[in-house]
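Take a look at these structures.
Both complexes shown next keep chain A, but they swap its partner, so chain B is in the first and chain C is in the second.
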Partner chain A sequence: MTADAPTGFRYIGRRRRPKEDRRFVVGAGRYAADVMLPGMLHVALVISPHPAARITRIDATAALKLPGVRAVVAGDELAQATEPVFTGLDLPKMKRYPLAPGVVRYVGEWVAVVVAKTRALAEDAAELVEVEYEPLPHVIDPEAAMAPNAPPVHADHGSNVFYRRRFVWGAVDADFGAAPHTIAYRARWHRSATVPIETFGVLARWNPATQLLDVWASIQMPKFPDNLARALRLPGSAVRVHFDVDVGGSYGVKRGLKHSIVVGYLTRKLGAPVRLIEDRLDNMRGGDAHGPDRIFDVEMAFGDGGLVRAMKMRAIDDVGAYAGRAPLQLGKPVGAIVGPYRIRSVAYEPISVSTNKTPEEAVRGFGQSPTNFAIETGMDLIARKLGVDRVELRRRNLIRKDEFPYTIPSGSTYDSGDYHAVLDKVLVAADWNALMRRRDAARAAGRLAGVGLSCCLEPSGGNAAFEPLLNPKNETTTWMEGCHVKIDLTGAVVAAMGTSSSGQGHETLVSTVVGEMLERDPETIRVVHADSLGALPSNSPVGSRMAIMLGGAAAGAARKVKSQLIAIGAHNLDAAPEACVYADGAVALATDPARRLSWTQLVEIAHRKFHLLPPGMEPGLQATHVWEVPTGGALPTADGRVQMYPCYAFEAHVVYAEVDRVTGQTALRAYFVGHDCGVMINPDIVHGMTYGGIAHGIGAALYERFHYDGNGQLLGGSFMDYLIPSSHEVPDITIVDHCTPSPLTTFGQKGSGEAGYLGAPAAIASAVNDALAPLGLHIASLPMTVAALGDLLATKDRAK
Partner chain B sequence: MKAVDFDYEQPRSVAETCRLLGETGREARLLAGGQTLAPLLAMRLARPAVVIDINRIEEFQGIDAEAESVVIRACTRQSRALADPIVQSRLPLLAKALSFVGHVQTRNRGTIGGSLANADPSAEIGLAALALDAEIEARSATASRRIPIGDFFISPMVTALAPDECLTVVRFPLPQGAVGTGFREASIRRSDFALAAVAVQLVLERGVCRSLAVSLGGAGATPVKLTAIEHKLLDTRLGDAELAEAGRLAHDAIDAVSDIHASAAHRRRIAGALTMRAIAEARDEALAGRA
Partner chain C sequence: MSQHEIALKINGETCTARVPARLTLVDFLRETLNLTGTHTGCEHGVCGACTVLLDGQPVRSCLIFAVQAAGCEVVTVEGLAPDAVGMSVLQDSFCEEHALQCGFCTPGMLLSAHALLQNNSAPSEEDIREAIGGNLCRCTGYKQIVQAIALAAQRLSVANAPTADLPKRP
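Take a look at the complex of A and B:
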């Protein structure tokens, strides 16, 4: 591993043990399910076995007779008492409630909840709840759902199309008309997700005396406390979400708003704490946590040398039965719709379609990884069509270092990058020519071997402008993050952040940044997760934003405190602040460093000695900073041009794979990735994210899929059938770092939370297709399972 | 995923186990390694009235070498069998098969008899037992009997054991001569359930195949012995043409099912290819040894 370590930093960019490691390694994490309250009740779910049906009768008599059962609540009761669950698109006729009132729309949808003294009892009672259904016509295939006569998932909405618009940026038709070559292809990304070890869990306690709802949840969701309060018809001040619980993995999917509404309602109804901890089956079928499910139809127009001039992309996304924030995942790729390439005109037509499947939720990259896969599929097809080397084709199309800042047709400006340098670095690390020789030797021995390549971007730190882009009634133009820094009377530094963490190492991030600014050892800096009533504005760790946004907020707050320390020092040295220097927490005269005030003296003055404070200064040492997204703040233009993300990280993947000609098994034998996310705050955390992201990408490329049959039954609903890569399937991965600082952020950092995942599926598809090329076969559908590859290879056997 | 209420018994002897199994009026399940039963209980797919935990019974543990066979007691852990020098030296096919059974962690709990009695059609131990012509000993409160492995597997998760019987011992006869073994399995990830698996044991005499057993699992309702291949290849030198013929026979012989992980046609193709590879592996091993 080579690293271009940033210079001039004391702690940033240094390899230091993450602050969180100790508690996780010794098993001292504290998750939602670890929170125990006296008298706590447990929820089990009654679910729909039908993909579409009218509920004609619910009889809970037998269930309520079981000793220990406290309540059975069904959809009508809950819908009366709560507001519908948040919807991201403008769909006034699509109502979504945690428990289906009247009509069920997917297998696994919650029909009723049973509350009992133990979860086992609740499950016993759930089996006794009698529900009668009148089946309705259903639709599973998204293209079939778009037909005018398709069974409607939401009859009131009038169509299964939730969103459709064709954006045109630049002279697409003229560019297509003038180009000597075009290709058209379909790329399919089937439904997968992140499946964290910890399922979603939530515990709520209503205190009637204080009129306060306490919530401990495994949550990673923007504006969760506000959404929960609105749904429960409570003021925001009556809902206190405790962000100090650890979240056992998420990468997007921990959005249990419906779960939280249920327990929030139940604890008020029953006067006891109530918790709902999903089991794995609950999580997979009805946790509403499946990821994007995409059909891309793409056309590219290009010149003789392979320079791509224009692209048309239609993206159908099957969001399942309801629309939360997930459909907005069609919007994020607008911010990087041409990938790292100089494509000058684009037509993009996102189509959000509902079917009778489990609803979709946000997954790592928010739609970017499928889009990257669709673009990279085209790059390989063009190379194949023109007979140009795949690396050379990308070199010709990549944006050059001297072109930054670079504005793409959809209106977003890329901040910085050196894509050619990163690509060259990874090719050297992988020894591309040696890999090709290895491939050729394997082929000569009769094996199917391929080398894959992908280049892509990670847009990071966004302002959520996909909200107004896809929903004109939504005028969100800020996606700020806050941090509070204080120095107490003992001289200890405490920083407060306003959200929970799901493994990203935010405590390390904040302590490193604050330590850097104040020149104090980050080990000594405590980072706390304030609850939602005490917290600052936060938009949670989504969109690969925390290094940028929380890092910027923490730096801003620390800078203010530092200014206060300098002002105190200067006042007591009878000097102007500009005449003083700050070093290691002490303030000294620039011209006479022996005249100084130590950290302890400065803290004492701030907290105790008002008479020594500069006139007008507040006592104590604390500051808050709320950082707005750099480059953010504007609504999209009428034609849908928008600056969505300020920072763009780049990655280039190289992978060597072999495919068993008979069994269709794919083995990844070597993996390299070049990665540039600007200045890394903590390299180990960035590398850990990248390893995990590649493993996740291997799953999406080869193994993971939520299969549905034609009757809407989920066939891959447990780890028996939903296969995630294990340590056997993930090869050794070599990460090659490169650093192009962002000019827009405090330290030059960019986002990295989605690293690896954004390019791995495309690279693995590239390798598999290279392996299949000698047979004249091609696959552009993920995951490339044993079933899919086996049947594809068999077509060649028969032809022989 | 919380089990339905059940009674729990912890007998201290085989006799006590059989007595508990013989108590009529309630459905009983034996708990050995629990690698299948525990999740089935949690998912409420198994709802026995009583779970009889046989993990603490000494008589159920151990591996013994006899003159013409090796005896493995039912509750012997798979990892112990895999590491056992008797198994390694005298039952190489079983040793090969065991390395495909789950992961180290599951083998540390899972047992030889538990896997056999569970009768999962993709299980490796049963597949090897079939190729090795093993014999099952079963005991009830009133009687005991021996069941040839060929009669043992009835359908997925169903065996010839009566509800009041427990599997006590499995006996593997020892082959004589220049033995070669082959075990091949294809699964999606390493140690997943087999899409197809093939076990082969053969004896060569001056390069000519004098004894051959081929069994195939993972693709149908139970593991099956491919006797047609055995007849076809006996007294040949197992050349390329014979292997290709064996592959075709395996491909055509099995009654495979389609699911999300592989089509029936794909399973048959895999079975054919693995059969060729496993026979070749066994042949080469025998040739390299004493033949």
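Take a look at the complex of A and C:
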């Protein structure tokens, strides 16, 4: 293991312009809304204004009379013609359809769709659809929803609790009994999301002559084509999802299965292409793309020196009105439930609760960032209670370099790391002592100033071990990724991946690793996104997995092609393959390098000269590689121990903040992060995602919240009230790299797509609480908005 | 819905069309003219993805009706490059610094930055952050965008046109 970027790579780890950037800067990206077909029809939505109600009448007469309106479809018709939308948990009585059949369960739920020649006409007509409702009792607060007499969101399910289990790993009670100190606290992570600048959009075209449904969607969803085909009662071979559509940001949430079912049904019904593009209000209210909404009740038991021995964590997650994949976000953190610390026993009780709110969807980190915030809140509280320096407390608790591979109580093994080194590096870069002096000087001048710190893990490699963990009927242990690599007759290299991309630079990733393996300039390697009928089995860019999984698949396919080249060369040099060397695309005798076959010659033989091919070899030069997540493949044990993701990146954040004593506004004045994600394939891409992840974390920490009133109304729905950080709110960020290669991956890489977001909220909360400490105030609820902090500060003023 | 004849200049070319009164400029550009480089992110004037230049000034094309642009000169991202195959210094600098990820906010970001560089040849970091303050990006955290605009300013101070010898990032 080495602390510096590994040498010996030709292309990996070196600065290189990402392949994708050029088309985007000239305005030639091709997003879902850019695909326009002749005769295309447009969808507008009729939505529920009630948090819970029975639909008693729908009258579309006036809407249908408007010239240009083609159809109005409501829930009963669609539910007859389709299967319910995919559910992650075992909830046979909770049926979810794109359009509510009979009962609505949240404000914004789709009741009917209007299809017209233009979007404007469709919206005009949507306003003319008359819907009568009989309001039903509703429940908004998740803890109230857990009460036995709470209004049921799904009466058939019999309870608002979708999932509840208490896992115990290790001697929790004994450790608590033996520990001299304990703390108990609540940490609240309110509902926010990733909110990409591009809303979700989808266009579908049914061709009756070929019996084929073409779909162009801004999608980032595992098994999307299969789920869509199943819902539409079509064989998978009748659905062609075009993965070459550029996706305008996702970070987890772009899972518009219900949108796609609607347009898939409509295009078959109407015989014309149909598209549905959310506007911003559609997106925020009924796009079903809110993120985790959590109440953590945590206890920690620790020794005099602050060494944490045991933890009890109860996590209530308010998933909203329906359970898709989102509740599984309570399962993923099991794989890093102790964070980077040597906590030896854990009790974890995830509770998934339904309320009359917009459904939750997967968000960057899949539940890990809220969990990290809950753990780090405890570390700061322990430091405060014992009077131990926060940095020192973490040093004492961090897993040491010599302890890897390290297995945590919940059964996951951390592959590698040097947490102390990363922490030390960022403290030096930030000049921790200087930051403390800066803080003290600001305090002396009467300002509220604080320095924050967080340490956390980014589990990466993305498998689906949380599916069988939270749903024993689901025995999914396979979570593969595939890539196809070929060399054509002209000697050009083409690699095909099997999903769409939403900004992660996969074309750069694949061309770099294929170039590395074949020793060809990545610039010359074309990377295409196969459509779903041509694609190899793939699971999309979730769980910080693509550097590991797509990178590994591409490298594996390239390695097979390379061995074909070597075999052709060896055969024609009358030598054994082991006696040959491969260099720069040519094969030569190791003992006599002058005897060689060039790239051109090898390609010619493979494509045209069967008589020169080694016996039994397939003509052409192409190979596929589909592989399972390293360390994956096993079901959880009976007590819920499981290997979650394979690779563990580490990050340590340091931030300096000041809080305005009057307004409660927080300003971040300095930001540093130490980051170790193993070998970086393209440093600019990794750094970019880390900066962006921190910006996203700043939003979750200080600004972003989907706020509901007691009547179930979403208070907002625009960028005027849901505040995404701008260039003014995101400070200049300094990244300090460290490299501990993973022993499990092709080049030592780990994942990084969730970097920054996983530790930023905890670090900012740490800084704000440090700033509030002189006043004796504490906040463990995100976002720490101007209103929240202003109210908290006002309590102090009143107390004076 | 009343229809109106409009004539305007888009990326240097004169364009005439008959449009409904309520058609926004961004929908006109995208749906009528197929200039899909201009994006819609919020349609209420906050995110900046639809930014275009109207008579040289960056504006939200979602907040303007096409009829209001009659007689004006509009520049979209498709009109920033010096020719059909090249890139402007600013566009090239965005590639050099990897100032984008998903690319969705990029056209608006470029036009705001372009307008800044037209008026300020040596912008400070603060000037740059101010100029793009109305363009939301969810991917980058803005750092590489700020760097790219600073690099473009530096390059433009050396030469006013793209050449093979543009300064590289250190």
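A few remarks follow.
The working rule: the second predicted complex is superposed on the first by the 797 of 800 C-alpha atoms of A that agree within 3 Å, B and C clash if a C-alpha of one lies under 4 Å from a C-alpha of the other, contacts with A are read in each partner's own complex, and residues count from 1 in each chain.
Basically, contacts are C-beta pairs under 8 Å (C-beta built on N, C-alpha and C of every residue); 3 or more make two chains touch, one makes a residue touch a chain.
Because the structure is a prediction, the values reported are computed rather than measured.
In the superposition on chain A, A:G249 makes contact with chain C only, while chain B stays out of contact range. After overlaying the two complexes on the shared chain, residue contacts for A:A445 are found with neither chain B nor chain C.
In the overlay built on the shared chain, the residue A:M36 is in contact with chain C alone; chain B does not reach it. Touch criterion not met for A:A594: it reaches neither chain B nor chain C.
If you count the residues of chain A touched by chain B and by chain C, you find the higher number for C.
Contacts of A:M689 after superposition on the shared chain: chain C is touched, whereas chain B is not. In the superposition on chain A, no contact is made by A:A209 with either chain B or chain C. By the touch criterion stated above, A:A638 is placed in contact with neither chain B nor chain C. Contact with both chain B and chain C is seen for A:S726 once the two complexes are overlaid on the shared chain. Counting contacts as defined above, chain A residues 120, 279-280, 718, 726, 728 meet chain B in one complex and chain C in the other.
Chain B contributes residues 1-5, 43-44, 186, 188-192, 195, 259-263, 265-266, 269-270, 273 to its touches with chain A in the complex. Those residues of chain A that touch chain C in the shared complex are 17-18, 20-31, 33-34, 36, 120, 194-199, 246-251, 279-280, 502-505, 684-685, 687-696, 718-720, 724, 726-728, 730, 732-733, 756. Put simply, chain A touches chain B in their complex at residues 118-120, 123-124, 279-281, 660, 662-665, 703, 705, 707, 715-716, 718, 721, 723, 725-726, 728-729, 785-787, 790-791, 794, 797.
Across the complex, chain A is touched by residues 20, 22, 30-31, 34-44, 46-47, 49, 76-78, 80-81, 87, 91-92, 94-98, 100-107, 110, 125, 128-130, 132-146 of chain C.
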